[in-house]
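The two complexes that follow have subunit A in common; it is paired with subunit B in the first and with subunit C in the second.
Presenting the complex of A and B:
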């Protein structure tokens, strides 16, 4: 596959369209499964929608790979913690798929407090024939029964069911921001603001605390955990990022409690750039291992950085996502946008990085060619087979045709969550309540 | 068998069959549990041709239903027509062996193992072995993990060509792509090794074992430690050094603490499996390292094994090894930074005294016991106190009493009531070992103080403790030392304390006997019937009911009866109720 992002080759389909969008419809997470055959989204209303990629068909070649709704279910409900007088939102913070173990699919979904393991499975047969009822459901006279009938399974229309298999609760005092499945396929971790817990996927009543950064005196709190992830191939390694812009790598082999990191990735601050906002914008909102496990990407407010696991002192590459906002930090602070948590993703071959921005723009950076592009997820260019045009934001006074001025950016339209198919050039982009899927043009 | 016309006996069976698909899980579960009744009514023919095909496809159900089904099918041989037809049970069990829920899969495998014994050698090769192969090469890892548990049951009973195939399948699964399958294979490695010919153990199993023990996944490597125990028992002593020990040494020094933990946890089994010579040369230094491990979890696991390891050392060199190699490490653990390590050690350290004998105990162990008795963590002190009996046999408890007493007093006054509760439970044991004199002098006050603890559970345990002490020291001792104090509390301004008097009397009357009960306790109880607190009054009624059987009939009639009759007309409902209840039970009406 051609790995360079050629926007002329991308067409798309537009899947979730709520004309009467409410707060509950805002998509809060997007995730492909390990084969890319399924795509799951979670929203603020606690729902999970699973899309399945249509199988290729000969008579409609252009329909290749369209994702259609496969199953929708309510994963979390709003709750109330009576002891602490706190409302627990139903919003799905993260979804992670498990590697497939039988014909059914499994995913973990989490809100602020509770992680759930869901099974999504198909059923295409149903039993028929009763002894005490006839075909229409009328009760038979018991005295007329002269022989026993064993029910027989008959084919029926395909039904997709979602069933909750496990509920992992009561282990987090603070809000869960990440979950990550270990490569041993036996454990996963859940991370809140101050602690990381390790769970066995089969055991719900016990978890082990592996990181705890809570100071004894909460007034001394200076740093929180913002995201955490397992290394994709080594079962004993994980990283977690912090609000101070550092990333810690821990080795679970060394000790049961990983309070002491084995590596600390941190870039020294440039004193000339220091301002009131320095600390806020250096907070890391997302961290992701590359598929190879060699690199990390981190997203802070203005940049995406690539780190080599073998170099702790500074990032290998730094990409500006929307540097034109540097002069606008004051107003972004006032409207709280500066606290937005943008996520970032790798493409299947670790050569391209994607992350979101404002005004329904999202950015892609090609690590090999060093080319970058700004694309827009919007209704106008989301007609089937339409081609995405690169967009440009201009900073100066003169605005060329096709350019958009910084001052006219819409900060309420933000792209926080994106996902990249594990092997193909298909991307899923969540723009508030809409999900856009774009893919390489066929032929 | 199905009758011809309107058979009444069919109705209950018809209900059972219909409820196999009822919406209520409980009803489905009930039906599945009576599957044998259904099969019996259908007869062997219809069970084979209709019921089993239906069950093969019902894998969509809840786990508990599937679990019950998997279990039932293991006992179904006679219901399908005996061993000749037992292979009909394979399809439903095969589909159950691929579900995602581990308990269901394990149960299906267990049933498959069971019915494999009922297959004739021919059927085993024609029906059972192909099933194992299908599972072993299944697309999903659930089926491949299930296959791992089936090799060992069919291997001994098949021809040598099939045996070779089975070995090949097992080899493939040991290097499966997914860690789950490798884990399943590693956990069955020992079991499979047991049924293999010794030559194949040496050629096949050892190489698989070595590979699994150096797997990239920690969770696989740690299972290889378990396999190590079974493999080591199978091999002749002279082969152990070359075939097993390199891997075991490597595991004991693994980079991952979880693997080292597993070695520590299995240390006694490993020790028995490799025999005394290797223990002396290899395991002793390995054990020393585990006791000094940098991870507290590993040290705890090793500390727990100290006694067992020492006991199993070869007799001729036991004392030297302990004194020169083990004891120095143990000494360090006494002042470990982790309280879990210290408390694990405290639970076994006393056991060393029987192994080392009197002189060594006094010289070397006693200082450690004393140090642990002064430990800041209550659990450590409790663990020492709870094992005092081991030391008592060797050197007598008097040696310890100087330090024991402050430790007990401190625990008795610990701020956590669970700690206080734990020490109370050891009081009778301590009293027995320390003797009545020491007890009266030092511990009696403590026991009385617990009676007025502000936590009910402590007061309750304290009364129970008094009863056990009286059983030990006798009624006379009770009359002189504890009865006056208990009865004195009847005048306490706090009604909870007054009630404690009653609870104590309930517990003590029997142990103290008729004389003391009638002369000393009864008057106090009767006097309390005028208490202004209703709770006290109805407890008087309950107490009278309790001590009634100890009293003679004269006292019952002349003293107890009038008081109960008065209480039976009390203004409080509960007092009335318990008084009437007492009158009824004591037959005083």
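Presenting the complex of A and C:
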């Protein structure tokens, strides 16, 4: 598929001219809102940047809805747990938008321990003409007031403000890895390594534990929860994935504590591929429901798998993302790359799957045509409005022109977080501290 | 052979990762540590498998020897309930060296013994022997802890293996510890191992100073994990392997030893009744590590 590049390089660093990225600017999550009008990114420094799509105008038809910065705010600050002498990172692990119900936008953002509900709203009027204070805000001396007046709302420059409306804290002993808003728009769940808690969006001082896989004896711990998501259409169903490569589907109507799964999706391991690192590469890093709610995609280190909820024994489809890394697992273990958690996303019609790889490559798999493409998100290779050129990794033997050999891949440039517009072919790709937004080619 | 070298290398790397995770910002990540521990265990299994057969025999002898020597030693829960030392190469029979429980001590002699017999056997042998030695000493009462210790010991053993496998090192030291030697070392605490010198000494220097004073005397037997390692090298030195080369791995092990000791002490509510000293040292270790252990211990325990 052809892609037109509309590049946005968002660099929040103070040192904009430098090429290195400060760690705080590394983007850690990307998420479109349900209409696709807004795009939120969270970074390691605890900040959230929200982009808004421009309204299309007849004057500039070629600028088809570019995304501009709408709001920036500091969502989480570094904290210190005095009891355990541990620092709590402010890195934003996940952002999830709530469906829009009024003029304001709401999103949930979470770090390792605390979830916060933020309200992003516009203000374009302000009241003027107070009686007790003057325009500067200073209190007026009541004895000087001789007449009363009614304050009037006057227009002002548009200001977008973000306010924290709820803080959901102290519910997780382990690190939160995902949040998911329920389709009932009243509840959401937060997931850490061993437990899943259900919250009501209005109530911050109580949450319900719905999954607990902590063994009585921690020595017997063999797997942890890596991701969880609510089914998009049924408010009683959710899935969670584990580090052992299995996905469990649970029904909250069955019992209050959903430790017993309703369905278990697991593929038996291929014994011919056994190695020291088999367990690591089978750990699922992301799970996403399709928009229809019938399918799931899961991402483990080397593959993306499509599962049909009606078939538990094996996945419907398996796509190799970067199988050429299979022989390099030992070096990837040494440099910690094997622990990278890649995400995967569906397109709006559930026909294409996208996920990231190394060297700033990302891959798309078309489920219908069975074609796949590798694209690169980098400044050098992409100019605005240019078409992205498909890339190819040469696995061995003769390297053709334009191909990249496995050994020259840059493993420090990884694309872990991507997002796809809910209805259009617009994708957002986070490459370390840069955000790239690509659109379909416009004829 | 390549597998062994590869497995050893992977074990060293894994230990390094576990160690580094302690100082990482944001606390210990349970998921990553769990995965690293799984790799560690796989590598260890491969590593030990090679030597298992050869060691069996010597292990048997070592066990008998150990039993005789340390029947009443402070053995404690460390030894995971695996009474069957030999059959299980991994896990159960592994010596729980953490805390430098007497088990360790026992093992040292056992190891030494074995060493003498099985010349040139590597750490696998060591570990196996240790296991056998330990198993005898284990008390059943501590089964829960035993499992914990077993886990730890497994890791420890691995560490030992790492240490030992260092081919070049310098250590001829393998701690050929005599039974008395075993007593001296408490990897954790004792700075000065009067009895057995160098090997433990190198490690002890790195030990937590806080507990040291207390830990030293009561339990000379707390051999640190390292000791077994040293033993492995033993081919050359049956007798007195004094020098403990402080290689990176050694120090790592030492530090792990301390951590694990702390972990165990905090994990195990009960100390073996027979070992008062152990309790004391355990307590000390516990106090030391307690505040750091919560997330850490879960990771460790998971091992």
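We adopt the following convention: the second predicted complex is superposed on the first by the 404 of 443 C-alpha atoms of A that agree within 3 Å, B and C clash if a C-alpha of one lies under 4 Å from a C-alpha of the other, contacts with A are read in each partner's own complex, and residues count from 1 in each chain.
Rule of thumb we're sticking to: a contact is a pair of C-beta atoms (placed from the backbone, for glycine too) under 8 Å apart; a residue touches a chain by one contact, two chains touch by 3 or more.
What you see is a predicted model, and the numbers here were worked out from it, not measured in a lab.
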- Message: Per the contact definition in the header, classify A:164: touching subunit B only (first), subunit C only (second), both, or neither.
- Response: neither
- Task: In the overlay, answer first, second, both or neither for which of subunit B and subunit C A:174 touches.
- Result: second
- Does subunit B (first) or subunit C (second) touch A:226, or do both, or does neither? second
- Message: So subunit A touches subunit B in one structure and subunit C in the other; where do those two contact lists coincide?
- Response: none
- Which residues, counting only subunit B, touch subunit A once they are in their complex? 2-7, 10-11, 13-15, 17-18, 20-21, 41-42, 46, 50-51, 53-54, 57-58, 60, 98-102, 140-143, 178-180, 183, 216-219, 255-258, 294-297
- Message: So in the complex, the part of subunit A that touches subunit C is made up of which residues?
- Response: 81, 83-89, 91, 112, 174-175, 177, 193-194, 217-224, 226, 243, 276-277, 279-280, 283, 330, 333-334, 336, 339
- Query: Touching subunit B in the complex: which residues of subunit A?
  - Reply: 99-104, 106, 119, 121, 123, 125, 127, 130-133, 142-153, 165, 183-186, 202, 234-236, 252-256
- Query: Touching subunit A in the complex: which residues of subunit C?
  - Reply: 6-7, 10, 13, 17, 25-27, 29-32, 34-35, 38-39, 42-43, 46, 144, 147-148, 151, 267, 291-292, 294-295, 297-298, 301-303
